[in-house]
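Working notes, beginning with the structure itself.
The chains carry the letters A, B, C and D, assigned in the order they are written, with residues numbered from 1 in each.
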Amino acid sequence: MQCARAWRPLSPLLSTRIYQTAWNRSQSSPAAGRLNLSGIYPPIATPFTTKEDVDYQKLKENLQKYARIPFKGLVVQGSNGEYPYLTEEERVEVVRMVRQSLPGEKLLMAGSGCESTRATVELTGRMAAAGADAVLVVTPCFYRGKMDSRALIHHFTKVADSSPVPVVLYSVPANTGLELPLDTVLELSHHPNILGLKDSGGDITRIGLIVHKTKTQDFQVLAGSAGFLMAAYCLGAVGGVCALANVLGQELCELERLCLSGSWEEARLLQQRLIEPNAAVTRKLGVPALKQAMEWFGFHGGACRSPLQRLTEAETQQLKQDFTTNGWL
Amino acid sequence: MQCARAWRPLSPLLSTRIYQTAWNRSQSSPAAGRLNLSGIYPPIATPFTTKEDVDYQKLKENLQKYARIPFKGLVVQGSNGEYPYLTEEERVEVVRMVRQSLPGEKLLMAGSGCESTRATVELTGRMAAAGADAVLVVTPCFYRGKMDSRALIHHFTKVADSSPVPVVLYSVPANTGLELPLDTVLELSHHPNILGLKDSGGDITRIGLIVHKTKTQDFQVLAGSAGFLMAAYCLGAVGGVCALANVLGQELCELERLCLSGSWEEARLLQQRLIEPNAAVTRKLGVPALKQAMEWFGFHGGACRSPLQRLTEAETQQLKQDFTTNGWL
Amino acid sequence: MQCARAWRPLSPLLSTRIYQTAWNRSQSSPAAGRLNLSGIYPPIATPFTTKEDVDYQKLKENLQKYARIPFKGLVVQGSNGEYPYLTEEERVEVVRMVRQSLPGEKLLMAGSGCESTRATVELTGRMAAAGADAVLVVTPCFYRGKMDSRALIHHFTKVADSSPVPVVLYSVPANTGLELPLDTVLELSHHPNILGLKDSGGDITRIGLIVHKTKTQDFQVLAGSAGFLMAAYCLGAVGGVCALANVLGQELCELERLCLSGSWEEARLLQQRLIEPNAAVTRKLGVPALKQAMEWFGFHGGACRSPLQRLTEAETQQLKQDFTTNGWL
Amino acid sequence: MQCARAWRPLSPLLSTRIYQTAWNRSQSSPAAGRLNLSGIYPPIATPFTTKEDVDYQKLKENLQKYARIPFKGLVVQGSNGEYPYLTEEERVEVVRMVRQSLPGEKLLMAGSGCESTRATVELTGRMAAAGADAVLVVTPCFYRGKMDSRALIHHFTKVADSSPVPVVLYSVPANTGLELPLDTVLELSHHPNILGLKDSGGDITRIGLIVHKTKTQDFQVLAGSAGFLMAAYCLGAVGGVCALANVLGQELCELERLCLSGSWEEARLLQQRLIEPNAAVTRKLGVPALKQAMEWFGFHGGACRSPLQRLTEAETQQLKQDFTTNGWL
């Protein structure tokens, strides 16, 4: 596979052209400083065929619809993209395909986290080569009892040192059983190639504190879920990567606009109506619910890869209710 | 003890006069509807003598200082009051004493939660008789595996049915290991004598959803900690019961003012500086730290009742740092 | 005995004679050393009348039936006795009544744990005066974030120093949300008036390690549940305090006999049949299930104090099945 | 055998002969029934070079030493083998190499669990082709909120249906944050190609219950850690897969012998001395400690793959103490 062969971590043979492309797009003017992450991103779902192969055609059709929504960009291979169920080849191929379909001004943030540091370093390089403007690196977690600050600082530093594109830290305790510790985030915020944090834990106190303690580092915090998006803006976050944006993307961009323009009363009413649908497609019923809801709103969702199962009839009804009682269906 | 003898739950012999007093103060005009809880409350600490007896004199001196701060009222026998370490007699006596010292326009919310329903019903009556305008009723928790919605609805309904003063639900999972379930809160919000909820869990999504789902019930939500006070206002809470108000009460009232006047930028900066000191006196170092910090800010704190221990020297330094790095000391 | 002498009853009405009695019974020969705890104990349930008052008559009838079973003694005011729902007066009165009904050679272990050290010290003295041979002292837990080794060692040491009867530590994380730390247990095992530990956590590795590390202190470990009774014997425990002994007391004494006589094959088969019924009356369905099952086996169970609710019909069926599929009903 | 026939290797280069070989070895006489798992297995560590490549030479030398210990076989790619840090190629290659070095009568159990069902099916086939006698399939866990019985039964059934060799379920909540639910285990125990369970959770009650409820299915339970090995034998387990066997293999085989011969007193004393060293190399200090201890006992351990870090000096001292105070160093 071409790009795997092309990429060599920390090697002088590095294809300058390929990286330069990614680098240029993400930092059009080096003098202008860091990549600006502010805005709303859907962590896109991965459609599959009935045989559970990646359905690139349906993915493309989703992307065409997303193009009409004022997203800042897309996250590819976040938790909602079922990345742990894709092979490395598939992970890279999906990123490449999205890059081709995506307007140049939109950011592509690609998930490149693996359990081992060496695999993460390698996949990060491949993601950059495939067109990612930045990578989202999840905390390794299998040996969570040993993933202390020392191990995590080592891991993220190695990855950021070698990455051709900026790194965004990714803390998602619901999936990893591990919250990236505050002191680790603060320490890593000083790394020149670590740009920010996607925090899906939902502790608004923590988000406020991270913004406060990193003021001088231009460290950008993204809310990792729509449920606390307004509160996160309130405390100083610059945007959100929200599963619900796959379904109600326009509405989340509207919530962003209301927050940025100081229309807090309107923002509150909109935010409140988004909490239940958001909980339904994340914490309560997960990716199968997200994909089901996408179908209702005109996107391709479909089934997940096994072992994720389709919703039961009862779950589907519950999901529907969480959208209808809030006036979305 | 007089009032224990005097009080008879649900009894026709109930001293109408005493309750009437409490009732009148809390609902000066029945036509005007429910008691308005909005505002900031310190859940006051209980000073002890060196022999670990309640130090009423020092308590009185603290109250005189709190009188100069625009609090809506005081919470007596919240978790920070070490109520599980007081006898029932002491719990009532402290409330009576505070009522005597407190200006009439200030609300007195008294913690009256016990493990059993019958004890809670009885103590609630005594608290009202001692002058409480409302009671704060914590979730019973020892048999937490059995404290499902059915049990909790039964418990709070019985208490609210018999209480001469309005009831505020109190969910504090850090101490009880139990979060009052959302559906239970919604169900209980319909009870005419249940006025609101103090939520110390810190899940801002939950707070927003409770406000949203109880819109038609005039159900009032109070943030249970200063760390997420601004976010809670943002989502529709009406105030806060904040341990930190024992120390930085004026500042928390200022944060309230900024939120209510829509000065979100200033509010954010103030809120951010309060997160670490708040965490220090609650989650991280607890009541002994709260009492130590009170000493630094001119209040009587002193030692806790055993088994709570004084801070170690290292903990004291850590506490001091959390105040100094944020410009409070 | 030093610590007994050091203790001063808080009431002038407590007579020396009573303490002496308790002391004599529990340590008939001082030269013979410590009280021997080995054996099986039911932590007896507290029957209530339909008005939720303690039903002393029914309790007495249960005791008569228990007298025919070769228990080593009884635990009064363990978690299954609903002690957090009793007043202090009731707690003491139940112990006094049980002592009167109990044959002199049977041990009476009384739960005397409260949240504060001073309340625990006082209740411990009263329990001894009421006839307890030993007290079972649960970990205080409301401020669990602050209940570190330092606080717990302070607490238990104070209690043991002043207690007229030997103290048994009691760790029951399912209720307290707090496991008495291993190092704390080891430290406390050196106290001359701390006799052992009732461990309800179910971590057999921990039980084995405690036995191993306290070999030279003659520290006695009791399994706190029937589910791991055989494994606990296997690792060196000397007995068990098992909720299920309220229902299948004869069978648990038989399991003890099989373990002590090395009949491991038979023991295993019996133990395996007890796991499900035990889980049903403890972890799964709790005290209401224990009391329901007691009814089926000829004891008085009845309702719990509120907020504990009677089992639903579905729960009752589930409970019944856990007894029938194992051949007990 | 149906399910073996149903499976089609994903590579044309996989020869029938190899599968046949594995099949023959594991079930020499179909009439004789199922593969007998009883005995002790070290889940072998994977040595790395200083560049973090797999060090096959050192691995081979370890195997030579293990050959002198009466193990029933080896587990390759268990959690202690750092399998999440190996590429799929490396995982298979290590199994192939171990098979070549392993005496024919020793069982080789290979970990083949992946997050997705399709990846697990494929890797299972490759492991069998590489010479595994059975596969150990860990619970998928990234979407743990959705890994209910339905999903897990689907997953393991698909894998077992297609696997050319018997499947052993693997529940290791410390790493996966997910315990394979009891009802799921019981349901899966009926599958003709699912042979047993390695349970690393340490809940002895659960182990006893699984043995009890699967009596008629000849379902074999292996203790997943040395800390509760004796208790597991006591309740009916047939052996153990114990990290500590990499270090104190001879001693664990001796413990097995004592349990099987009914020498419970001696077994207890030995078991007790193994608890602390076992906790040190697993729960407390993890794989880096296991590898450090291996060095002290004459095996090749060395460093882990990053992000796992070498022990700090303080951790090394703590580890040493846990071996010395129990008389092993």
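The working rule: a residue touches a chain if its C-beta (ideal position, glycine included) is under 8 Å from a C-beta of that chain, and two chains touch if they have at least 3 such contacts.
Keep in mind that this is a model prediction, so the values were computed, not measured.
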**Report entry** Listed chain pair C-D, A-D or B-C that repeats interface A-B [over half of contact pairs the same by residue number]
**Finding:** C-D
Query raised in the report: Could you state the distance in Å from the CA-based centre of chain A to that of chain D?
Result: 35
Query raised in the report: Whole-Å distance, chain C centre to chain D centre, using C-alpha means?
Result: 39
Query - Centre distance in Å when chain B and chain D are each reduced to the mean of their C-alpha atoms - result: 52
Report summary line: Expected list for chain C, residues touching two or more other chains, is none
Query raised in the report: Connecting every touching chain pair, does the picture come out as line, ring, star, complete or other?
Result: ring
Query - Chain pairs that touch, as defined at the top of this document - result: A-B, A-D, B-C, C-D
Query raised in the report: Which residues of chain B touch chain A in the complex?
Result: 202-205, 208-209, 211-212, 227-228, 230-231, 234-236, 262, 264, 268, 271-273, 275-276, 278-279
Query raised in the report: Where on chain B does chain C make contact in their complex?
Result: 52, 79, 84-87, 115-119, 140, 142-147, 150-152, 154-155, 158, 174-177, 283, 285-288, 305-309, 312
